[in-house]
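Look for chain A in each of the two complexes below; its partner is chain B in the first and chain C in the second.
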Partner chain A sequence: MTVVVTDNCNACRFTECVTVCPVSCFHGDDSMLYVDPDTCVDCGACVPVCPVQAIYFEHDLPADKAHWLEVNRTRSGSLPVVDERGTPLPGADVQRVALGF
Partner chain B sequence: MTSSNTTPLSVAIVGAGPSGFYAAEALLKAGATVALIDRLPAPFGLVRYGVAPDHPKLKQTTLTFAKIAAHPSFHFFGGVDVGSDISVSELQASFNAVIFAHGASTDRRLGIPGEDLPGSHAATEFVGWYNGHPAYRDHVFDLSADSAVVIGNGNVALDVARILVKPVDALRHTDIARHALEQLAESRVRHIAIVGRRGPEHAKFSYKELAELTSIEHCGVECDPADLDPARIPDESAWTPEARRNVTLLRDIAPGMTTASGPGHEASHSCRFHFFRSPRAIYGAARVERIEFANTTPASTFNLTYPGDADRLTSIACGLVFRAVGYRGIPLEGLPFDSERGIVPTLDGRVASAFQDDTARLYATGWIKRGASGIIGTNRADSVAVADTLLRDLAGMTGRDGLTLTRQLLEEKAHRAVSFPDWERIDLAEIEAGGPSGKPREKFTRVEDMMAIVNSVNSVTAPSSITADI
Partner chain C sequence: MKNVIYTSCTLDCPDGCGILAHVEDGKVIKLEGHPQHSFTRGYLCGKTYRFPQKMYSDERQLHPMRRAGGRRDASWERISWDEALDMVVKRINQFVKESGSLSIMHYQRTGSWGATKQLNRRFWNLLGGVTSTGGSLCSGAARAGQAMDFGIRLGHDPSDMANSNMVLLWGRNIMATNLHMVPLVKELRARGGKVILIDPIRSESSVVSDLHIQPLVARDAELAMAMMKVILAERMEDAAFINEHCHGFQGWKAELDRRSLKELCDICGLTVEVVSALAIEYVRARPASILLGWGLNKYKHSAEVFRCVDALAAIAGYIGVPGGGVTHGFAPQRHFDKSVEGASLASAERLILEPVLGRGLLEVTDPPVRMMFINGGNPINQSPNSNLVARAFERLEFTVLVDTVLNDTANYADLFLPTTTFLEEEDMLVSWGHNVIGGVNQVVQPLGEARSDLRIYQDLAQRLGMADGMAGSPREWLERIFKPLSDAGVEVAQVMKQPVPCPTAPQVPFADRMFPTASGKFEFIQEMNHVHRQVDGYPLTLVTNFSKTWLLSQILESEHPQPFVRIGPETASEYRIADKQMIVVRSTVGLLTVQAQVDGRVGRGIVVMPVGTWISKGGGANILTEDIVTNFGEMAAYGETRVSIEPA
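Entry: the complex of A and B
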């Protein structure tokens, strides 16, 4: 089992999640973060800290977001680890409000 | 940020649990030398001695710690008790800074009559016992009673309940301590009451753990529907998503005994949730026989004086009480201590200035700083922030060779510290010892046994980290 980062991260990239990950399993490109499912230990620390609730436990993934499981696995495999808080993308706060948070 | 001369800054970290390791990681990234000290030969703190044996995935965080330990400027000093083997002032005299990350190792008490009757225990002791902590190795828990009451609404309360009701066969191939497995195999405990002082929306256990409890075969989980009555619980819109999920699940199981085996299957064990009950006293002649509660309501939850209103009292007959109302820190000589909260008082991670001097700056992180709340990863953010404060405070400072000074001190006292490669030999020996019984490891539960491995001339296969080049 793992957690899965889904679409709300895209265009926000708040990186709050990486500050509480005990195993540094987040990887990132310029637009969003992805969880390496083989390193994730299901502690769930990241789930409540995301300002846009982009992260789900695998077993809680809504049907329309199920594809993100594979996206996380594939993308994390080829991207560097992100384990320090970074600057959110410009417009992240606007996006957050637009998403209803 | 390193020092202005060629000697890097050296920092001692007291406590090799998660908060200590994450502080080490942040300091190593900045070029400092780190001495991580723990009173036990085995590092990892509550990841090794707190996380339940049936949660092996969470214990994999030790792999992350081992990666941190592989850094050439990282040095583990296990089996060194700060206080009796080396003093805080000796550390202050040797290092540029000291970070206290020694956590919370004792229990918060209920503060009620009868709390020390035989049969009344701290969850911290039970957890340490089944996880093989040397301090609890010889504890005996009389598990002949039919009913146990667990006071508390956090994950530790659920861990205690789960370990008590899970079939022993489901624990047999975990890293649970052998002596615990043997005593649990004889257990006659069947019915657990899990009691919270406030309403279900305040329960701190995670939905994941609550759901896990409901998935145990032959164990019925239920809750008094009256405790879930919307009239007693405030407006749901103010709840966290986790709280909402917890209450929804509790409402689903409330009507009757639900077992993972399905309706119609006999439940041999049960877990029943009670809310709005504050423990008042534990009664019993020679041992625990019952525990008495005062009913609380949302308005009066924190009013702990009940002037003998007899019809608001309830009792649960039981032979065991486990208090799981929080871990608590222990004072350390040379440091200030807030005995109300069980923490070292700090401001932005810096220990109160009266205790600072010109020798070394003092900091704290993790549970000894924040109190016992949060999960493993919570400590990472905390430790990174404290390390950052430390590095800014010490910018431009002359590096001190804390390692050499510490080694000299320990040599003078003829005290053999356990290095990380030493621990890896203990680790391998435990893994080997677990093989025959199909366990991931058989933990050494006595310090002497760990030190026998460390001091033995014939080593097991040399761990690869000795030759790692980073």
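Entry: the complex of A and C
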């Protein structure tokens, strides 16, 4: 009952997701963003806007990314809310291309 | 210049959200969920958040168009509204004169649940009456079944979930198609209650469930029967309710006694242990509620399936009880003065049942249907047996499509009339999923040359000398349509300002134990002896479900997914199909070549294809579906379709 930010966000941190989140449930550190699973309402607005498709519905998390569920819960608990678009990290576009997007 | 305007989403969904639309310089820049709407709770779904993109997309058609040279295989060319309306009027006059008004068919579907769409039918009744649709594509059997038991299909208000200790999500994927029910279910869990998902697929809703029961597809009646046998064997039934407020229990008990518990469980593909535990938990919850979805409503015997689940709740003593009940939906046109449709104005009437649209069109004579006018629907894509419907449409002489984009049906149209979205219209919404009345305020001016359905019909009526019959502003018509509601103390002006909870809607239906049946009591079904349909050569059942990420066939072409089906690992292994492999899916009426996704959440014996992918993009689940009608409710039994699969 949440969405989960996974590895493609790391070193990109595009922050497109936060611009569409109705409940401001994204939290961030310097490398990437995390979703607070208790605040997320599963609307799914963020999923298609991530340039590197880093966000999954919990239900669709591939087995090799299952650990991100707990990472999102733990990290979002101790980081500030990010609810405004920021500058992606340097190299984000290079990374995006390298990931195939 | 910025503005925030209240409106409501009229798209085909039980959530019927209240919306605050943010407008800047005449353009919608974002949509927000209405914070004071008790069901919307301040947020929308991903689909509606992206609605402005659809509205302003390059794919949106903003001008009337006709086929160049009048040939249906020719490209579209832009014409003026005057030319377009004159064309329609000329054809109407021609067909009425030559063959009578029944040679014209009006096809009206539920692309919008706005109240003023009722008036579309009024135009054709003023004309004298035309061929129109009867039956149902989607709720007919459920309505028929619940009407036989209770006298009417009427659900518990969503807020009543606060009184439940348990909920069975039975063939209902709230995470995908009833999103705003999710927090209510989460709250139930937070107070220690239990959520049980009953579905042949481990759907997205499993993440909010405590337990997933996975019966074989279409065996829900047998599951309910098995549960009833357990409850009766344990003497845990509500004898007082059965004796005082029910009719026909003995007949039903005799039917239950004819089958053993083991036999019924074997039919479901579940163990006696699992079913017994489920039944006992359910009856002990005191109370438990059941939310029924469309998963159960795709079969020839769906009305009977609903009746079995209703009977289960009756035996458990959960009818008319806060936190109990069997909820599917609410009549979408309750509170309306239906006389505005003008049925009494027509002197002729003929119906073609929606589930057999293709067959019906090909078979009717005296007169045949020669002209088709389509509002709020995509019949080529959404009707069962798309190929047959297409064949029927090829024989029509003049087809008009009123829509916002060139969808699959446009390929069979001669004239395209651009219409407005709900953000460009004034209307009112009575939701089929809750009891909050919604105002639809015009957020922005119609884009391009788009005209609302009402405006188009008023323009046509004028040219046909029927202007008075259709005259009136949207607000004037809403006042007329909602007279029953204003009689109950809710004014249209109020509704247009903010979400208004309906003052006459019961939170718990039948709490007074008065049932509008002939007996005045709850009616038990008397027999259920269904055999799962088998078709030689087509061993798998096609399940057409609804996606979380798009609504019906409302997909931007630029965002259209690669058409796919999902099969379980056992099925994949049996047919030697690997994940992502291209396969041919075949039924007796069509075939598709699509990608197979092997998905551990999909149960045995089924091929799952989401509704709404476009035929023109290699999809279209209804290319495969057979046009079979339910026993009750005259509804499309899409799920009776049987398919075979093989590597492409």
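The criterion applied here is as follows: the second predicted complex is superposed on the first by the 101 of 101 C-alpha atoms of A that agree within 3 Å, B and C clash if a C-alpha of one lies under 4 Å from a C-alpha of the other, contacts with A are read in each partner's own complex, and residues count from 1 in each chain.
Here, a residue touches a chain if its C-beta (ideal position, glycine included) is under 8 Å from a C-beta of that chain, and two chains touch if they have at least 3 such contacts.
Everything numeric in this text was worked out from a predicted model, so none of it was measured.
In the superposition on chain A, contact is made by A:Ser24 with chain B only, not with chain C. By the touch criterion defined above, A:Asp7 lies against neither chain B nor chain C after alignment on the C-alpha atoms of chain A.
Contacts of A:Asp93 after superposition on the shared chain: neither chain B nor chain C is touched.
By the touch criterion stated above, A:Glu58 is placed in contact with chain C alone, chain B being left untouched.
When the two complexes are overlaid on their common chain A, residue A:Val41 makes contact with chain B and with chain C alike. In the superposition on chain A, chain A positions 1, 20, 22-23, 41-45, 48, 57 are in contact with chain B in one complex as well as with chain C in the other. The touching residues of chain B, when paired with chain A in their complex, are 18, 57-58, 60-61, 63-64, 206, 208, 240-242, 375-381, 384. Touching chain B in their complex are the following residues of chain A: 1, 19-24, 41-46, 48, 53, 57, 84. Remark: chain C residues 32-33, 42-47, 49-50, 175, 179, 182-183, 186, 203-204, 206-208, 548-549, 559 touch chain A in the complex.
Contact residues of chain A toward chain C in the complex are 1-2, 20, 22-23, 41-45, 47-48, 57-59.
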